[in-house]
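For reference, chains read A, B, C and D in written order, and residue numbers begin at 1 within each chain.
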Amino acid sequence: MLTDYRSTIYHCLKCGACKQAFDIYMPICPSGMKYGFDSHYAIGRISLARAIIDGEINLDTALMHRVYTCTHCGACDEQCHNAVGVDPLRVIQELKYEAVDKGLIPPEVRDYLKNMNVYGNPYMLPAEDRGKWALNLDIKSFANQEYLFYVGDMGSYDALGQQIARSVAKALEAAGISFGILGDKEVTDGNDINLVGEKGLYEYFATANINLFKELSIKKIITLSPHAYNAFKNDYPAWGGDFEVQHYSQILAQAISNKKLKVKGIEKVKVTFHDPCFLGRHNKEYDAPRQILKAIPGVELVEMERSRNNALCCGGGGGNFFTDMLGSGTKSPSRIRVHEAIDTGAKIIATTCPKCFNMLDDAIKAENAEDQITIKDLSQFLL
Amino acid sequence: METKHLNELRENIFKCMGCGICRGVWERKDEAMCPVWATCLGFEDSTPRGRVTVAQDILDGVIDYSMPLAESLYRCTDCACCATTCDAMDPATGKPIVDVPKIVVASRMDIVENSLVPPPVRNYLKAVYVNGNPYKLPQEDRGKWAKGTEIPVFSGQDYLFYVGDVGSYDERGQKMARSVATLLIRLGVSLGILGNNELSDGNDVRVVGEFGLFQHLAESNISTFKDAGVRKIISLDPHSYNAFKNHYPQFGANFEVFHYTQILDDIIRDSKLFKAKGNNIKLTYHDPCYLGRHNGLYEPPRNILNKIPGLELIEMDRNKKSAFCCGGGGGNFFTDMIGGETNSPNRIRLREALDTGAHILAVACPLCAKMFEDAIKAENLEARLLIKDISEIVQEAIQG
Amino acid sequence: MTESSRNNHPLYSEIRSIVGPEHVTVDEFSRRAYTRAPFFSMGAGGRGKTPGIAVRPGSTEEIAEIVKLANKSRIPIVPRGGGGSVSPFPPLYIGGDDNILLDTQRLNRINIDTEHMTVTAECGVILSALAETVRKKGFQVHTVDVPIHMDSVGGVLSGFVGGGEPSDMATSGTMNNYLLGLKVVLPTGEIIQTGGGPGTNIHQEKFLHRDAGGPDMTGMFIGDGGAFGIKTEATFNIFPQPSIYLPGITDMGGDENMWKAFDELVKTAPYPYTRLLSFREGNGPWYFVHVIRAHSQEEADAKKKILQDICRKNGGKAATVGDQIMQIAGMFSARRLGQQTLPVGSTMTYFGEALVPKPRSLEYLKELNALLDETVGDLDIYKRVDFVVPYLRATTITGILLYFGKGTTRDEASQRMAKTAVKRMEELFTKYGGWTETHQGTSFAHTASAWSPTYKSFMQTIKKTLDPNDILMPGLWRI
Amino acid sequence: MKKDKNKIKQLLVSIVGQENISGEIPDLIPYIRDSYSTMMGRNIPLPDFVVMPETVDEVQKIVLLANDYLIPIYPRSIGVNIAGSALPYKEGGIVLDLKRMNKILEINEDTMTATIQPGVTWGQLRKEANKKKLDIIPIGGPYQTSPVGNHLLTNITPYSSKYHCDRAMTLKVILPNGKILRTGSWASEHGGDANPYFRYAYGPDITGMFRGSLGNFGIIVEMVERLRPVAPVEKEIVFGFKELGPCLKALQAIERLEFTRTCQVYNNILSAHLCLAPHRIKEPGEREKLLAKLPPYQLGIGLGGTEEMVALFEKITAEEAGKRGGYSVPVELELESVAKGASRAIMHMYAPLSGFAAIIGCLPITHVAEINDIVKEAVKKYDVRDPLTGEPQEHELIVIPYDRSSTVYVEQEILYDPAADRATLEPVMQCLRECYAKIVVQYGASHTIPNKTLMKMLVPSYGELLVNFKKMVDPNGIMLPGGPYSLE
């Protein structure tokens, strides 16, 4: 219930710290940057929430655009939490829950949820195809190996996602890590379902996953997507899903540091790293990916001004990758991000999330910047 | 209208930059102040700079002398503050290129020639012309001040002791004259007086612009002195001193002229006369304009006072070159054209003296003495401050 | 207007009843005494307008009364302070034959509050009086340098844009920065007081700070040439008198070295100097005259070291303080000015003195010198001195000081200059975004001509709002 | 004008484009709420539109439009809404959100100035300035505020202002009548653009007229802001004091030596909050632990200069402080960042629950101890509790010298939980009112931010002058009608 967050809402100082990152003083809110009005920043969303619980307005479809353009990237939280001690994200999340309960969600979100409901994936593809990415690669299905390698919807269905999934799998093998996959048995992790506010469906998938993992007596999980990592790590325990979860970048970083994984050098190149929100801000993993890059001979790591806890979201979070409420256009975060990357002088953007990969890849094309910069997943550096 | 006297100064008058420094600089130890400016008693035309402006206008024929202008001109006390503050000094003469006091006297001479003299001044001049003194008192009374003293009439002594109008007729002046004379005699100075044969020195007559009368007085005095065989003169009054020293020679005078403080200074320089006093009396000294700025005699009076045990001389902020005029100069002692009631120069100066914490205000000029006595009454300060002439102080010190 | 009609000036009796007979006059010689200002004949020639009546009010209230009278009869008022404007100041031009000249010399009271470090002075107070009174209490007030003995508080605050240049403007900016509040008689005769103190705050008898919390109305009346109101009282911050003033002179050689050092000094934080003045005679070497201000010997030494290091690094050599140099160094003191020029029967003037953006000062100076040679270079000039004085960090006062030979009278020089040079001089510094120093006097005509149309109309609206009957300094800035 | 609403919208769209104007309630609501309005429980009416212009030209067109249709305009620079200054008090106005005008047009190393737009924040400006060895002369507040916004409010700064005078040099303003006014040396028609770097030129100081005008006189679209050179060594030092009195005396004495860069006094409660991030304060015992080692009062001083100069200054300040019982304390990281010019840390003063009743006033330093006691007593009298622990509350105190006169800016915060019910808040409000009544009436402390309290204190003749000016500049009453500082 939104009213449960009354005090959080009332504690908003209206100071606008959520608009701009401290220390570097750059705009940080993807939806805010795109739409400008305060209503698209945390400060405005909380004002709206307050107006609702104060009974001045009702939560109705008119508000949906302001709510669902949020990519749940957590930048506002990062500022506000440390400055004033308020967590706007929780309030926005709650607004989404209520929107779903009241059946107010906008069509884009409804379609996304419908697909998840019907197909179990946003691509409206049959579940049997889930394993396809691994065809003609000898990757074992999970049978008591040490780890489960969980690829999720994108890794399973999205063309680029599949590439990344494969290259990660290769890397893991190269590192001599024993793992297996679930193939077509795999179920969506539901992270984004939750973020668009469909608690029930999320719980359904979550429990489904937990039961599956348990009956296959899975203890340790490696995820391809930071989103899945986030779901398993932070939400599943609530339903009794206690697994040792790691993102592949963490595993590979370890493997490299204890010499399990040999890294061959590449031609000298400047690389900048884009922190995925759900690996970085939401789970505070900033170093593992950078360790990997630093370990690669020939790679010169250059940072963008907005990096680590101040990283600018690619715009694909909070379900936006599928619903695209945020919309495209020159002011879309991914395109701004690409330019920021180019300004560092880097020739390659490295990332470690299939969503970010996708968003930025599109942005590069949209900006016709292919000849200036390309995007690579971490794992692709290792092959 | 007649402007010949002013015209003689034409060149310099038009050199004035009009910076206004001549008005004096407020509240500065090292700076004199024009009494008119300081007391805000006149419009710009009554300040030194304004007087130059007016002079320029007259010479340009834009304006004429007039009675009100005369009144403005006679407000000047000829204290020469402006002449010391002006920076444009002629390296040759050491005098300012634009000499305002000179300009004022010149204008006044024109005023007289154009017979635009304001009543108070006219009365003053008339009195001197008719009675030989501003007090309209008979010539026979001139000697009265010396009655009952052993002060001899001049008959070949070393010095002629010249007392002047104020010393002869004014009560305060007479007191001072007696004290100076008796003191000098007591100290073995051989001097005599002219008594009823004395004539006005005419200093202030000259300053108010009646040059003819001044010349007459000067020439009569000179012949009287010569006939009596006078060679050296001690004057009681700095005004007389100024006239004898600076303005008589042009009529063939060649006397040695002293102010009595110079003589005293000389005598007691190494005397053992004084009885040491226990209690320390604070006292301050006011420089008369005609002794100080006009003739540069700042030290003799101070030497004397410093010599006297039991006295502590405290200087006022504005002293010596920057001493603030008592308002009695330039004929104002008799004409009081400057006026000013509570704000009059003598009262301002008195308060300044009081601020030093002194109990005695020492003077060396009968006019100053009178001006301050009046001020004391006006301010009801009889209890707090005594006006004493230097000779009076010395007398007491000797008697112990 | 005939002499007789002057004698019955329409307002004579009413004004007389306000201020008393001895403080009002219609005598021509008296009125004309107000038509001259120092160096007046420079650039202008002749005298200013003769007022119809001169009055010396003794209090703010009296002034308010007079202003009300003026409004009734629509007769313009020209306020006057110390009469020290070193140039033809607007009052000399303003208004008609009936002008009321308001001589403020009787407003000369000073009130110091050492506990709260403020001084309140009436507008007629001569600045040296203010400075000295404050100094005697162990404090220091920022007043102007050159005309300190001539100008009054009111005159400087009205006549100088920014309220006048303190002797250490190089580091402490204009007098305006230390002004807490003003008591002003508005052109309507209403008395107001600005600043965060009495007059804006019903609960406050003390001046606390400049900001009344609302708009800063004080600044509105500074440098207004007296057109927006008659200032009758001003309250300033005062500061503890520093125990040490350490003057020095450094020979900086040629342009390049001088500028390197100059630039570095001006950018140094904190300022090692309190005053800095850079000048050269003819094509001789540049000299720095610098004054260090400190509260302890150690501080003075530390500052001196920094200053010397910067000078030395750029080839500076300590110079002996010769008369010649001191004389030039004293060119900003009007007193020395007299000493230098009058006795030798010569005359001097500033050529193209202007506030220009610091970075382009030398560039401006070069062009100015060229202009000088081209226009009045053939006048008998026996000495010319280039000078550059920093004004905080962004601006300098730059110009040339000219000494004319015996032969040249001031009028001759100024008329030649007015004819051939002045116009092009203005074009030149305007090109550099500069203006003829902060003095309303020399630049009041130029001032208005430089305004953008919007600015002009803005000033007009202000003037109309404050002075519906155009009573105060009508025609100032020709708006 | 309601009926024209669509027409007006069309016109606005034609000026700024579809995506930069909105009349939808959800977009408007955020602009009618800020700490002030929510604390005071004020209901602010809805504006008709929020518009986000990007260029001077657009702003000008909007103002002209507003004049044609007599629509109130409520400009706001970047939108730190704490003091109720940027709220649209009259129904049906235009909120002019200037956050898109966020360009730094020039940073001039030679004149040491920056030319900025209203949407530029202190932080943004500092970041750019630092690249050129320059720094801002900021206000005491957080850096996500904007210099232009602050110029329109007041000019409090912990920076000793004697050598930092006139932070705002010149302005480019859109007057309420739509004309573009340039002030200072910028006013020159032909030379202005060559030299917009000097405040006093060509007549009265018009730049000052806009300081503290809260936008009543026009919209500042460009401002030339003075920057300061960064000294080779810059250092923050802190002295601890047992008593407030001596601490203030030390501040006065040290300020009068004229070499400090920044200077401020705060009590242990404030510094504890500044040092602790809000979530850390919430951990039981954390604040107490810190309070135990913090001195009751602290004097923070910023020095600058060469190594030896700073050493010397440090020695002198230590002596002056020592004379008055001050002892040096290690500078906590956060405190240092505050001393350097507060940013995120200063936000902590509103923590833990961001409910704060601020008692602000400028008054002689000699009275600070007394008004500190007044607030103490009031807090006791109304039994205002600590929002976290429920214990009796001790309030926050910060003192900033105002120039080198003995006047200081004093801010005292009483913290509360905004989420608490009105009944719990009432005593806080009463306490606040009583404190203000006392320090305003007894000590004539003047508020620095234009507001209702200030208007109540205005002497009629002066108030009238302001109103006349308002009428003059804004005949149609376009700019911020109905606000706490409206000059109608």
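The working rule: a contact is a pair of C-beta atoms (placed from the backbone, for glycine too) under 8 Å apart; a residue touches a chain by one contact, two chains touch by 3 or more.
Fair warning: this is a prediction, and the values are worked out from it, not measured in the lab.
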Steps needed, at fewest, to go from chain A to chain B via touching chains: 3
Pair of chains joined by more contacts [C-beta pairs], C-D or A-D: C-D
Between chain D and chain B, distance of the C-alpha-averaged centres to the nearest whole Å: 66
Centroid distance [mean C-alpha coordinates] between chain D and chain A, Å: 38
Gap in Å, rounded to a whole number, between the CA centres of chain D and chain C: 34
Multi-chain contact sites of chain C, meaning residues that touch two or more partners: none
Overall pattern in which the protein chains touch one another (line/ring/star/complete/other): line
Complete list of chain pairs which touch one another: A-D, B-C, C-D
Chain D partner contacts - residues on chain A that touch it in the complex: 6-7, 9-17, 19-20, 22-26, 35-39, 41, 43-44, 47-48, 50-51, 56-57, 62-63, 65-66, 79, 81-86
In the complex with chain C, residue positions of chain D that touch it: 110-113, 154-155, 162-163, 165-166, 169, 175, 179-183, 185, 187-213, 216-217, 226, 228-231, 256-259, 261, 304-306, 308-309, 312, 316, 362-364, 366, 402-407, 440-451, 454, 457-459, 461-462, 464-466, 468-469, 471-473, 485
Contacting residues of chain C [partner chain D, same complex]: 115-118, 161-163, 171-174, 176-177, 180, 186, 190-194, 196, 198-206, 208-225, 228, 237, 239-240, 242, 263, 267-271, 295-296, 298-299, 302-303, 305-306, 355-359, 391-395, 429-435, 438, 440, 447-448, 450-455, 457-459, 461-462, 464-466, 477
Complex interface listing, chain C residues touching chain B: 25, 27-30, 32-40, 54, 56, 82-84, 103, 105-106, 108, 125-126, 128-129, 132-133, 136, 149-150, 334-339, 342-343, 345
Chain A contact footprint on chain D (complex, rising order): 19-20, 22, 24-27, 29-31, 33-35, 38, 50, 52, 78-82, 97, 99-100, 121, 123-124, 126-127, 142-144, 277-279, 281-282, 343-344, 347-348, 350-355, 417-419
